[in-house]
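Some structures to go through are shown next.
You will see two complexes here that share subunit A, one where it goes with subunit B and one where it goes with subunit C.
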Partner chain A sequence: MKNKKYEAIVAKHKPKEQRVQYAGVAFLVGGVLGVCAELLLEGYTHWFDVSRSEATVYMLITFIFLASLFTALGFFDKLVNFARCGLLIPITGFAHSMTSAAIEYRKEGPVYGIGSNLFKLAGTVILYGVVSAWFFGMIRYLLGIGG
Partner chain B sequence: MIYINSFLFCGIVCLIAQIILDNTKLTPGHITSIFVIVGAFLDTFGIYDLLIQYCGGGALLPITSFGHSLIHGALGKTSSTGFIGLLMGMFDLTASGITAAIIFSFVFALFFKPKN
Partner chain C sequence: MTHRYQNVYINQYSTVCGPYEADGPLRDNFDKIHQDLYCNEDSWEKAEVHYLQDSLKILLKKAALDREDIDMVISGDLMNQITASCYASLFLDKPFLGIYSACATSIEGILIGSTYIDSGKIKNCVTACSSHNLSSEKQFRNPTEYGAPKPKTATFTATGGASLFLSSTKSKIKVESGTIGRMIDFDQTDPLHMGAVMAPGAADTIYKHLQDMNRKPEDYDLILTGDLGLYGKEILKEYMMKTYHIDLSNRYNDCGCMLYNYDTQKEVNAGGSGPVCSALVNYSTILKGLEDGTYHRVLLVATGALFSPTAVFQKEHILAIAHAVSLEATK
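And then the complex of A and B:
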């Protein structure tokens, strides 16, 4: 009886605690990446003497390059297992999905392997981004406040 | 101050995503798609521009900023070319990120083998 009660309590609390832990790690990792992004932005505007919008491009490319490189070297998946959405929601997740698809299907050949599978996971982001941007953009244009 | 805002905004976006992931049956693919749509929606009335102004890099890094850049480029083009600008300017601001991701993925796929 006592054991059953104990097990019920364990079952009730265990997944929730894990969820709290995942959420906390995702928050911290995401936040640290955000601060790194802001630091890089300030750094690039300072070192390269470029405008903030150009520095944004450099900053995003830095993150995309690092995520692709770490995926290729094989330890980005372990980082994702640890940080989960902390790494999947920033642009690193986008680069990771493309590089991992490309590397996974490379043995099926350059056209039907890499070519057709490169956007297997990232394609949905582009599809819904373009469709929603077109839809909302049309609404705003028709309302006459575009530009 | 902008660093604290960066930390909080980027962290909270990831936190919301993680809570959705753990408590529903949605996969990361669903969540990133939803977030892109949310980003495009927020930019429709200029809210995301305010977020970028106050949160800096923290607002530019999450995938929501991808939706924001898409609609921002499209609307920017409409001011010079009219309605067709929605189609012409769609990838104006995101082209660099997508191109970089494609090139890096392809080059790394040529040189690295999958590791299990």
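And then the complex of A and C:
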């Protein structure tokens, strides 16, 4: 009873987050990133005369490299704070989480520091990425779509 | 539980802060500013030790003390195993008590030190605390370079070290009484809204203190909570009014709301936090106010959210505690 009264006070003084604005920015930044990726794909297939799937790998490596570099230079966290999911959901977010962990734990050494902490944030993504890939693969298989 | 103290005085104080605090409105009140968050050390943890040790060294200098004159050292911080306090106090080579009440640590130190001095078991002691924005981020949240977006209710751990020299030798500031808080559980689970976690703790301690001392808020020139932040402060005011019918609004402020400039320092969100947040404001500004006659009696209520990431992941609530001391200007 007492706590319900308190929750009401907390709720009353809770500031409004600009969720629509955050979503809009994330949508735009994520979209721009997608356009850049498409341009890179086209560029790589054109310049290096490689297949589209091979160019995809180059494009991903480019984004991973840039996100890691900007994290190491110390301003990617500020970009993420602004663009939020626009930069966290694409592969840039994954690279950012690993590089930031590597930078943070390098003082504890290559084994107990970087080794044990590199996947501190990214580990969850990998684990549940694999689990859901298996799960949806099964659905596809059972529905006979995969052939 | 409230105790009166007969002969405990604050003889000297020192504050060392980081670049964010130096950009705030209290800039000129600090004894030393380190613009470098690393303090020329190679990790955040060592930097925090550096901040605290600097504060202790400045304290000795300001009080014209020799290491040998100190009877006891009481210190605490946020780091696991209160690492910063242990390493920073090593050079003093004196009996040491390590303490932890999260952001209420500074007042817990004053309470313990005052009790020892008042009982006559020791003549003086040093109480200190520290925190570092990035060592806390690393320990409690994410790697410091990881840009996890935070809600507006999140607080910003202050960087710095602060220390006091308490003794039975009369000075301009008397530690008049102190109230030890209790563990408060209000079913709060959001580590990014510590103001809501700590406000009931602060309310409980303020109410107990006023009751035990048979006083009203008007008996104080200022009642200061530690680090409730913008929203926690409003929650406390309304909760105090609704539950205890005590109106705090006229003489009340929060250290977390005083340390930074909200207009230019957007990164602090709801305000400052960490053990050193209240200590930086109190020791740099409020104690000076008591010395120069701006205040005659103030109630310092440091508020701590006893946040353990492990406990929260295991679906436990975040507990809160608040300790209070009443300081008086001597005539």
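Couple of notes before you dig in:
Here, the second predicted complex is superposed on the first by the 118 of 147 C-alpha atoms of A that agree within 3 Å, B and C clash if a C-alpha of one lies under 4 Å from a C-alpha of the other, contacts with A are read in each partner's own complex, and residues count from 1 in each chain.
Just so we're on the same page, a residue touches a chain if its C-beta (ideal position, glycine included) is under 8 Å from a C-beta of that chain, and two chains touch if they have at least 3 such contacts.
The structure presented is a predicted model; accordingly, all values stated were derived computationally and were not measured.
In the superposition on chain A, A:Asn3 makes contact with subunit C only, not with subunit B. In the superposition on chain A, A:Phe76 contacts subunit C only, with no contact to subunit B. When the shared chain is aligned, subunit B and subunit C each come close enough to touch A:Leu121. In the overlay built on the shared chain, the residue A:Glu104 is in contact with subunit B and with subunit C.
Legend: residue contacts after superposition of the two complexes on their common chain; A:Phe27 is shown touching subunit B, with no touch to subunit C. Among subunit B and subunit C, the chain that touches a larger number of residues in subunit A is B.
By the document's definition of touching, of the two partners only subunit B reaches A:Leu40; subunit C does not. In the superposition on chain A, A:Arg84 makes contact with both subunit B and subunit C.
The residues of subunit A shared by its contacts with subunit B and with subunit C are 22, 71-72, 74, 84, 99, 101, 103-104, 121. Considering their complex, residues 2-3, 6-15, 17-19, 21-23, 28-29, 31-33, 35-37, 40-41, 43-45, 55-58, 60-63, 65-67, 70-71, 74-76, 78-79, 83, 86-87, 90, 96-98, 100-102, 104-106, 108-115 of subunit B touch subunit A. In the complex of the two chains, the subunit A residues touching subunit C come out as 3, 5-6, 9-10, 12-15, 17, 22, 71-72, 74, 76-81, 84, 87, 96-97, 99-101, 103-105, 107, 120-121. Residue ranges on subunit C touching subunit A, taken from their complex, read 42-43, 138, 142-149, 151-153, 186-187, 193, 196, 200, 230-231, 234-235, 238-239, 242.
Residues of subunit A that touch subunit B in their complex: 19, 22-23, 26-41, 56-57, 59-61, 63-65, 68-69, 71-74, 84-86, 88-91, 93-95, 98-99, 101-104, 106, 114, 118, 121-122, 124-130, 132-134, 136-141, 146-147.
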